[in-house]
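Each of the two complexes below includes chain A, the first together with chain B, the second together with chain C.
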Partner chain A sequence: MSDLQDTARRLLDEGTVQVVIGWEASRLGARPVFVTSADDCDKLIFDTRCVHNLATFLNPRRVQVAALGKAAVVVKGCDAKAVAGLLREAQFERDAVVTIGVRCGGVVSEPSGLEPPELTSANVAARCPGCDVREPASVDFLVGEAQPEPPVTTSLNERIGELDALSPAERFAFWTGELSRCTQCYACRQACPLCYCERCIVEKSQPQWIETSPHPRGNFAWHLTRAQHLAGRCVGCGECERACPVGIPLGLINRKLQQVVHELYGYTVTDDPAVPAPIGAYATDDTQDFIK
Partner chain B sequence: MTDLSTFEPRVTAFVCNWCTYTGADLAGTSRLHMASNVRIVRLPCTGRIDHLFIVKAFERGADGVIVSGCHPADCHYTAGNYHARRRFGVFRELLTFMGIDPQRLTFSWVSASEGRKWQDVVNETVDRVRRLGPFDSYHGLAGAATAADDPFAAIEATAASSDAPEHRGAS
Partner chain C sequence: MSKPAKGDMKTDGAQLKTTKATKATKAKPGAKANDAIATVRQRFLVSADALAALVDKLAAAGTPAVAPAWTADGTTDATDATVAATARETEYRSVSGAAELALGERLPRLSLKQYFLPPTEVLFSYRRNGGGEVELTPAPTDFAAQVVLGARPCDTAALPIVDKVMNWDYADELWNARRAATTIFSLACGVEDDSCFCSAVFLDPATAQGADGLLTPVDDGYLVETLSDKGDAFAAAHPESFAALAAGTDKAATEQAERFRAAAGERVAGHLTLDHERLRNWLENHFDDPFWATLGLRCNGCGVCASVCPTCHCFDIVDEPESVGRGVRRRNWDTCQTCVFTLHASGHNPRADQNARYRQRIEHKFHVYPFKFGDVLCTGCGRCSRACPTSQDLAEILAAINAKAAGESAAPDKAGKASKAAKGADAAPTTGADS
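Let's turn to the complex of A and B:
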């Protein structure tokens, strides 16, 4: 019996929560599971295959999940930041959700296999090296053994550095190529724990701000908007990129904006909901080198 | 492709009602000479300017964009320009990362009394965008431009063919 399973069983037995949202093993490696009975708690696992950000299911507009009752959710560090983001934006009260944090040593980029794979620099998710929340601090319970550092791989920061070194025209050509594959299926939006608007601006048609025909011009408008709306909010869990059926490197855009808000406003996304997000706040002495 | 020898940049300016619009008006009433390539869109506040305004301007044929409003501490709504400053600080970096040359964008503070500064902002921006050339790479993202994509083309064609005097006197 793992700590995780014991904690979940106790919460369900005591009636503190009616559902525990966690991961279970599956033929595809791991998948989200909604455990509503204490007898099923031995399904719960946490290992290197548990890539999904389960905070997505806490969006109060996901009525099927909300109908299951009060939830406990199992969170890695990055997922805990997403829960904090939802709390910061008043999507639910702190005591409406129980969080079970797991100590995390990184996950694979794509889950597979019946046994948890050993992490190597070839299979580790690009966001994991250099992670600053391998032990989430703001959770109700923290379970699991301390994990080793994730292996080093070509980091997002290095790939961003390569792009930054190109000329604007070369970068434009790179992104036009990437975005030309986008079909505007909005899987990136659906997978994102913080893209929770009741009505997304892309669905507004009068006026239509974002062209929904899948040509690169509409795709630019969509991806610029998605990125801008997540600036200073994105927790870098990488679910958008994993959900993308045509493999657009959205993680690069998200990480770039994390760097930008850090450089300009000294802000780092944290799992402390009391720290305000940088967009929506301001300081009278903010940098304005770019303003004439 | 646009003929470079006859290229006139189209610049869209999103300005706040209280400072820059009044400043631009002052530039006009002071008879200051400046490039006539700028189309002004007046908004209540720079805080009202969504990043999609800029995107839409580029989509619909703009070669450059100006965003201008009240100086810090002068906002009619107390803090709209501070919010805008953060948002556009990030959005400018985002556009740069996506390969859109930030030289096509001008952000400025122009107060109601700074007609001359508005003249400078307009002339500098138009010169800069003229050197960069038409923004065909963005305009052409949806394939060949059609008349429906280019609302300015029809207006300009009408203006060129009509007998209307080139300069309408100040009224």
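Let's turn to the complex of A and C:
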């Protein structure tokens, strides 16, 4: 991955940035790394274990990262969509961050292992098959060799199709079971690159809009609100589901939202920040069917 | 609120004794805590079939055992044979039959803590009766007896550690009552992975700490050793399952079990070694060390580490109205890793960034708790490292601090200079933990 390392080294040497946010190998697998010296750029890797969406670290409220100075961030296509989302929502100026895009052939669902595993239909992350942005277009640099298509597996769309085929009562029973394990730890929120609010609504207590107790009422209120707040904004990177310590399939909720937003507004989440998301745009022919 | 019955506390006293026995072995650095043998009361041989029959019997009687079981949820389907066993997850739950058991497999997703400190529980309910009068009804503490079978020793060992907090300045009725109502048979562990380090925190894969009985795999089943009154009582209540060891097989089974435990202990002992006194001193004197500024960078501040931790015990208290004039007070799991944990009403936050919050996690577990209670607030189960979405590696971080502490104690008169030199070297936070 000398392309990646050379680009990072040059950016640090020239003083264009003070930190490069990328991935490194560790004894437990790949993980995020913050390189502040050109001499350390040989740590940077990109392979099938580089699962994490590093755009999450661009949240200006992560003060310990912001304190390092101007950042370059290594992004897969899905990560580039998150950077675009942050730009679209004016979280920082375009020239405040340098993006190094990597050509991606998919990643595994968990970043573990001393060696990058070969992707198979059993280990590939659910979001990867059918990915529409394996070579991010809106980045400052694009590095790496062209990669093959990710292997095909049961897609999120197929799993949603199965749920859609259920009766409302059956579907409710499915989600009741899944959400019953939630402890409201909010790891899903913390891992999300688009969940950047200074004060999340679940932490507002005057009044207490959402009960923070992990009983069915509180859990449904939290997950419905989380989903609504990400409608048309979620980039489908899957980090929320991966962060969940009790295995709630949040990716299904997020993909369903993407489908609904597409049906209603013709919007597909993109890595082009110039394309407005429905939440931030108005058109005279916007659907109004939901206003009763 | 009602005080726990005296009998309850007696049982807890017995539990704490086990901890003290372990503590005594700490005095000899390098000595392997082998309290499993020291406190054994009775030995039985329970075949795999007999254990399965016992689990089925308990379920049929409406008193299902809590045990590690395969998860069957949206992310991992236990019934799907194409999913490799290593990719399937396990969880503690009330099992409705032996077919669900996942004994001696991957560590359960959440620890056993949830059965003593549930993610949410009612403390009391309240009702306004008019005229300013408020009626409080404490949550009942008369929990039905429950048995845990096949718990991980690193989960069981956490309970006496948390007992000390729950009985420090206030005796927590709900915690104590659940502890008293529960009988735990743990299963000696033989499936460690790279995140495990129980032997570095005074334990081992077969520690008896917190257990009423210990199962160890032997030919055709398990050697079962009872370790408390509760353990003896459970064995006596199920004589058809707990077969007395036949004369002559006692020695062979015990030796085989001992070999299993020794081999597992040796394997995990290679993972990490800590000098706790030195570590504690370093933590006490390096509150502002630049090393901390390397640890918060990759941290999401989500506190998954605390959710899955068997010893993290912090909770938040909320009042929830259920109707006009009545409601409940609950406590819910909380974590020092979130920004709001220490946020003052004024807007000031004494732990201003994630570096300070991660430092708190390490300081509490390896300095503050040991200072107060003479143990560490960690059982080396490694869940925090496995569950961390950004692969924060606790064993690696502890090894790094241990090495720093060793470096300074090697040249005590140059400690100040060494610290300054370290500052220079660490100023560029290129990794999470530069060991």
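Everything that follows uses one rule, which is that the second predicted complex is superposed on the first by the 285 of 292 C-alpha atoms of A that agree within 3 Å, B and C clash if a C-alpha of one lies under 4 Å from a C-alpha of the other, contacts with A are read in each partner's own complex, and residues count from 1 in each chain.
Rule of thumb we're sticking to: a contact is a pair of C-beta atoms (placed from the backbone, for glycine too) under 8 Å apart; a residue touches a chain by one contact, two chains touch by 3 or more.
The model shown is predicted, which means the values in this text are computed figures rather than measured ones.
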{"item": "Touched partner set for A:H215, first chain B, second chain C, both or neither", "value": "both"}
{"item": "Touching partner for A:C128 - first (chain B), second (chain C), both, neither", "value": "neither"}
{"item": "Partner chain in contact with A:I248 - chain B first, chain C second, else both or neither", "value": "second"}
{"item": "Partner chain in contact with A:V107 - chain B first, chain C second, else both or neither", "value": "neither"}
{"item": "Touched partner set for A:I291, first chain B, second chain C, both or neither", "value": "first"}
{"item": "First (chain B), second (chain C), both or neither touched by A:E24", "value": "second"}
{"item": "Touched partner set for A:T183, first chain B, second chain C, both or neither", "value": "second"}
{"item": "Chain B and chain C footprints on chain A, overlapping residues", "value": "174, 211, 213, 215, 218"}
{"item": "Footprint of chain A on chain C - complex, ascending", "value": "71, 73-76, 82-84, 87, 89, 91, 109-110, 119-120, 194-195, 293, 296-298, 300-304, 306-308, 316, 318, 320, 330, 332-333, 335, 338, 340, 352-355, 385, 387, 389-393, 396, 428-432"}
{"item": "Chain B residues within the chain A interface of the complex", "value": "51-52, 55-56, 59, 72-73, 79, 82-83, 85-102, 106-109, 121, 124, 137-138, 141-143"}
{"item": "Chain A to chain B touching residues, read off their complex", "value": "160, 163-164, 168-176, 201, 209-211, 213, 215-218, 220-221, 223-225, 227-228, 231-232, 253, 256-257, 260-261, 264-265, 278-284, 286-288, 290-292"}
{"item": "Chain A - residues contacting chain C, complex", "value": "24, 26-37, 40, 43, 52, 56-57, 62-65, 67-68, 111, 122-123, 174, 177-178, 181, 183-187, 189-191, 203, 208, 211-215, 218, 239, 241-243, 245-249, 252"}
